[in-house]
Each structure stands twice: as C-alpha cells, then as structure tokens.
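For clarity, chains are labelled A, B and C in written order, and residue numbers in each chain start from 1.
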Amino acid sequence: MAEPAATTTSEAGEALLSVRDLNAYYGESHVLHGIDFDLRKGEVVTLLGRNGAGRTTTLRAMLGLVDRRSGSVKVRGHEIIDLPTHRIAHLGLLGYCPEERGIFASLSVEENLMLPPTLGEGGMSVEEIYRMFPNLEEVRHRTGMRISGGEQQMLAIARILRTGARLLLLDEITEGLAPVIVKTLGRMIGDLKQRGFTIILVEQNFRFASRLADRHYVIEHGKVVDRIDGTDLENSMERLNRYLSV
Amino acid sequence: MATSEQTIGRSDTRGNGINLVLWAILLLFLLTAPAYIYTVFAMQLLCFALFACAFNLLLGFTGLLSFGHAAFFGAGAYLAGHAIKVWGLPPLAGILLGTAAAAVLGYVIGWLAIRRQGIYFAMITLALAQIIYFFGLQLPFTGGENGLQGIPRGHLFGFLDLNQPLVMYYFVAAVFLIGFLIIYRTIHSPFGQVLKSIRENEPRALSLGYNVTRFKLIAFIISAALSGLAGATKSVVFQFASLTDLHWQTSGEVILMTLLGGLGTIFGPVVGALTVVSLQHELSSLGSWVQVVIGAIFIVCVLVFRRGIIGELARLLKTSSM
Amino acid sequence: MDVMMRLILAQGMLGLNNGVFYAMLSLGLAVIFGMLNVVNFAHGALYMLGAFVALILSSYLGPWIGLDALHLGFWPALIIAPIVVGCFGMLIERTMLRWLYKFDPIYGLLLTFGIALVLQGLFSNYFNSAGTPYPAQPESLRGVVHLGFMVFPKYRLFAILFSIVVCFLTWFVIERTRLGATLRAGVENPELVQAFGINVPRMITLTFGFGTGLAGLAGVLAAPIYSVSPLMGANIIIVVFAVVVIGGMGSILGAITAGLALGLIEGMTKVFYAPAANTVIFFLMVIVLLIRPAGLFGRQN
C-alpha cells in the first residue's frame, strides 16, 4: 500500500486524522481490506467509489459501528481504534451525519437538534443555527418525519454543528435531493470550510464533490486505489470516470 | 437472524448411526425400565417426556414459544379424569376424549394467539392458559382446590387390568411411543419442513406462498393434542388431576425440560424431562428450594447452555440431528 | 343515591386501587421493553421484592444487625426499597441480560422467568406463603376519608394519588424532557445515538434500573394494603401481561391508561358477576386480540 506522500496541494496544517491499514468486518464478511488516508486541519476530502466499495463502511469503522475492526485511526493524536463508540466522538471532536440522515421520527425537530451532546468549545449556538437554516426554525415543533427531505438533511448537519465537532463525516448528503437544495448544500460546505471545519464527504454526486474538495480518494473493494488532488482533477477525469462507471 | 445460535433451535434431518444408537437406547429403556426404576416414577417420566416432546414440536421446530402449555396438559387430565370417573368411560376412551378436548382447546387458543408474534405470543398464551386455570379452580365439576381425585384405572380393552403396575406401565410406554412416533413423523414430513422454514425465516416462508398462519395453527393443535394425551395418561396413572397440572409453573417446567434437553432436537426433550423429573424427586424434601434450583438451571441454560444436553452432544459428535 | 350506584362506585374505587398497581407495573414493563426489547418476567418478583424490603426494614433488619429498637417505617421504605430493587435490577442487566441482546428476545423472557423462580423460591423458604401483614403503615394515613358515596381508607386513597403522580411524572420525563428525548432516540436508533457520543450501554442499564425500581415502588405501596407474600408477584404479573397485550407495549400513556381502566373494570365486575372478576381482564384481552391485534394503543408492525 502506497504511503501517501506529503501533500503539496493544501496549505500546510497539522495532521488531524490519519487512517492506517483499517480493516473492518460485518459478521464473517471482511469489508475493508486496509484503508489508508490522511487529512489535515481545514481540508475537505471525498471518498469516491461505486456502491458497496466500502466508503460508508470506512466512516462507520472509524466510529466503531462495525462488528470488528483493526488497524489504526488517529484523530488529533489520539488512537481511537480500540475505544467504545460513545467515547470516539468526544475524543476526536467528530460529528457524524449518516446515510439516510438518521433523523429520529419520534423526536421533534428541536429535540433532534438538541440531541447530540456537546463535545467541545466553539459549537454554534441555536440562534446561529436558525440563522444559517431559517427553514428549521419554522418547523421546529414538528416531528422529525413531517419535514421535507431537504429540511431533514439540513437538520442532520445542523445538529452536529451545535456540538463543537471540528471533523465532520458526511455520508451521501445530496442523495435524493432537488438540484436547488444540492446547490444550497454546496454553498454551506464551502461556508463550513471557510470556518475551518475539516470534512470528509462520501459522495455519489461527483459534480457536487469536485468543486469543494481538496482531494479525492477512490475506494474499490475495501481499499484506497487512487488519490487525486483537487487541482489535478481536469487531467484525471478519464481515470476517474473509469473508476466510477458501471 | 440466520446464524445458528440466533434462532431458536435448529437441526436438519440427516439420519446416521448415532441416531440409531439413541433409538436403541430409548426402546431398551421403554422395555426394561420397570426392572430398575420405580414403576410409578417411570410412568411419570414418560408422561412428562411426551409432554416435553409435544412442546418441542412447537418451540423447537416451529419457533413458537407457548407459555401456556399447562392448559392442554391439565385440560386433558381433567377431562379424561371426569369422563372415566363420572361418565364411566373405559380408560382408553377417556384418554382419547381428553386428547380431543385438548386439541379443541389448542385450536381456540392457537387461533387467538397466532395473531401476534414472538414475545407477545408467549404472553398471550400465558394469559389464556390462566383462564383455563381459573376454570379449573371455579367450574363445578373440577373439585376446586382439591382437584379431581379417585379416578379409577379400570380395564384396558375390557380385560387388561390397569391396576397391575406392569400392565399400566406398558400401556403408558405404548402411549409414549405412539406420541413420540407421531412427532417424529411430523418433523420429517414435508409439513415439518415447512414448519422449520417458518422457524428459520417467517417472511421468506410467507413470500414462498405458504399459508404461514395455517401451518402454525396446525402445529399448535398437534402440540396441544399430544400435551393433552400426556396429561390424560398422567391422570389415569396417578388417579387424580390437580390444579398443579394447569398451573403456569407447569408451563414453565415443560419449557425448561425442552431447553435443558436441547431445543429442536428429537431426543432432547426426553433427556430434559428425565433430568428435571429426577431432580424434583431428589430435591422434594427441600421444599421451596426446588423452585430455586429450577430457576437457577433456567438461568444457566439461557446464559451458557442454549443448545441443551443433546444439542451439545450433537455438536461434540459433529452431527446435525439427534 | 341508590344502593347499586354506591356499590358500583365503591367497587370502582377498589378496582382503581388495583389499577394503579397494574399501571405502574405495565409502565415499567413498557419502559424496559422499549429500550431493551426484553419482556421482564421477573417484574412481578421484583414487585414482591419491593414489598419484602419494606417488611424487612420495619420488622427484621433491626434484630438481624443487633439493633432491636431499629424499625424503619413506611416513609424510609418508600425511598429505600425502590433504590434497592432498582440496583438489583441493574445488577441483573449488567451481569446477565446484557449477554442476550444479540439473541432472540425469547431468551430474555426465559432468563427473567428463571430469576423470578429463584426470587419466589428464596422468599418462600423464609416467609409464610399465606402472607405477612405489613405492620408499619404510617400513623398519618390511618383511618378513613368520606368520599360522599363511601368511606374509603385514607391509605388507599394516598396510594392511588401517589401512583398516579408517579406515572404522570414518568410520562412527563420521557415525552417532554431532553433526557426523555435521548431515551426515545436510543429506542429508535441506538447506534447513531452512540455515535453522537452518548453511552448507550449505561443508558440501558439505568433504564432497566428505573423500570425495576418502579416495580419496587409499587411493591412498597402495595405492602400495607395486601399482605406481603412470596406469591404476590406471580399472581399479578400474568394479569399485567394481559394488560400490556391490551394496551400495546409501544406507548407509555397506553400502558398507564390500560392499567387504570382494567383495574376499574375488574372492580366493577365484582358487582355484576363476581366469579368472573379473576378472568375478566383475560377475556378483554381476547376481545382486543380479535378486534385490534396490535393492542389499543399499539402500532401495528
């Protein structure tokens, strides 16, 4: 496995996350076969690949949501591979937005927003969040299932911004949403990057991801098979299309 | 829920040498038991073994946990007892009547309980069996707290005197064997295969076009009828039917026998019944400690011994069906 | 007021008295079931344990530890017993139940059945099965109140009101507070709640402790009314199961309402046809199964 060379494309920052030889299993099936990647503070990277390649599992394995895992995941210098799931978010200042959004149907919008515990300093206040997502304030007393898909996606992101998380794991946030909402989400990610958040995007929508990311990792069969810098994207399109085409 | 320990019980039907050995032991035991154990005890054992096998058909092979099987055992006992004692029916007719009554009761209770699944099914059967318990306590012919006493054993086919211990014993052994064979045949029939597929994966059985409710109900009725047969036979052996036969603790004991012997195994319930009934005999002088011991065995079985005696044995011998 | 009406109201009050115990127990079962997906068969035995803790505090603890003058009365028991029972519950969850979550929920039911047998057997060895009267009913709650249609023991009225308050508070905490929101979220998607940084295993232990604590509390409240007997739990748990089937286990409010209503109905049945009082709840369960198999407040799934 090629050790990623020191990146030249992004501004030098401290290594925030490094994943080495991450293996993960669901029951008997071995899903990740040694994932490696790095992330510096303030970077946005994407995990690209076909369905079932192991992108979502990579996020879940980092959080300890698989049956078994091995290798190394270091966030801000802490090794988290052996920690129980509930301690990982606190130690790594991790915010997780799962596939399908994970909105709780039995909770109101506001309860959903207030659910994740505070992890550290510097989270957005509820007022700030409602300023950023005015729609959510309007529907805050409805239950989680009685708001639109776009609103659900906003809520799923908003609730982790409240906690003071600095590293955001966002899984397929554009899936099933109208183009106009995808555009809004794009602006929002840009905004979050400006504010210094570090972000991993798992994406199908390559056009959405390409404009935002510093770097792309291509995952196939539970391994990182390629790494493409954001600036190098034009030249690599053909390669990428080959990876992603069915 | 498809891996081996996660579903309740499991086996397949490959016959093999070990099975033959177990059959031989069972038949030998049936023939010779009175030579080395107390006859009444042997008969009690066989009645409970039949009860546990009938129960296992439901839990082990269909995946339905009934917490009310005492209702069928007791109903069989009371009805057979009443028919023989008050109506003067011959013993075999009384026993068959008790069995039929349990089957009808099984139809009613099963028809109601099958509307819910899993854990609710267990609670519903428990509650419905409690109705039968209160009937046993309150109906005019049941003898209330005292139960039904002094049931005459009579003559089988008019000439075999069941008051002779050995005659009685071989009659019970025959009843057991017939019941056991019915269960064995059921499990190994196409019908039994469908039951097992319901146990493994009910939605899939449904999508294959099986009328799952109907299959469950038929299994429930067979199980209830054979439980009734066991109860009816027991009432002739001991010449009484009592509220204990209907009590929820009896329902619990039959679960334990099956669990301890091995869910979904063929010979497990027999071994389980043997163990539990012997234990109750050994500890009978200790009063309520019996209950503590039974409870503790339950806990141990559930926590670390979910395969049961025969299930573990089968694993050690690496066979899939015993 | 005519005699019949008085009789109905009087039996209704007594029925309500049973009903609050059904409500508290089915509430505890529902809370536990929601979080753990386990039907706690030991719930009745823990209710019995609560009553026995109260009895032991008042009559046995002093002599056991050599302080003959020590008699802890009703009020201390009302606090201590639920805590003792709740801690015992948490011990059960930590040491035994925890290992069964990955298996069929039936195993949880069987395990707790075994625990119920052990508890019942143990207390049967040391205490009279026919029951021991609880001697420490508080002075301030002796006597009767005139309700207009009947005189009613002051203590029973207290037990009814106190239980209803406890049920309401439980409902309030679960449905209207942040803590409750976390619990509901944990029921819905424990994995995600865990990923947010909440210690779900601890939450499960505490929930089981709370549910069993409620059973203990019901036991203390019942002690001065019924005599304290090793069998008191077994007798009530089957009725409570029927209540839970009728109410549907998905809903907190459903568990409370069904408990109270069925207690009332059971009481009324004593007026109209006493022999059916034992079984009326089971027959109502049959009717509910025929009309609404998921239970009156349950979600069909």
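Here, a residue touches a chain if its C-beta (ideal position, glycine included) is under 8 Å from a C-beta of that chain, and two chains touch if they have at least 3 such contacts.
These numbers were taken from a predicted model, which means no experiment stands behind them.
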## Note on the structure
In contact with chain B and chain C alike are the chains none
### Task
Using mean Cα positions as chain centres, tell me which chain lies farthest from chain A.
B
### Query
Closest chain to the protein CA centroid?
C
#### Entry: Rounded Å distance between chain B and chain C, as computed from the means of their C-alpha atoms
32
### Summary
The distance between the C-alpha centres of chain A and chain C, rounded to whole Å, is 45
### Query
If you average the CA atoms of chain A and of chain B, how far apart do the two points sit, in angstrom?
56
### Summary
Flagged in chain A as touching 2+ other chains are none
## Note on the structure
chain C residues touching 2+ other chains are none
### Message
Going by the contact rule set out above, which residues of chain C touch chain A in the complex?
### Response
178, 181-182, 184-185, 187-189, 191-201
## Note on the structure
So, in the complex, the side of chain B touching chain C is made of residues 1, 5-8, 65, 112-113, 115-116, 118-120, 122-124, 126-128, 130-131, 134, 137-138, 248-249, 252, 255, 259, 287-299, 301-303, 306
### Query
In the complex formed with chain B, which residues of chain C make contact?
39, 96, 99-100, 102-107, 109-111, 113-122, 124-125, 230, 234, 238-239, 241-242, 244-245, 275, 278-279, 282-283, 285-286, 289-290, 293
### Query
For the complex, which residues does chain A have touching chain C?
63, 65, 84-90, 96, 98, 102, 104-107, 111, 114-117, 119, 160, 163
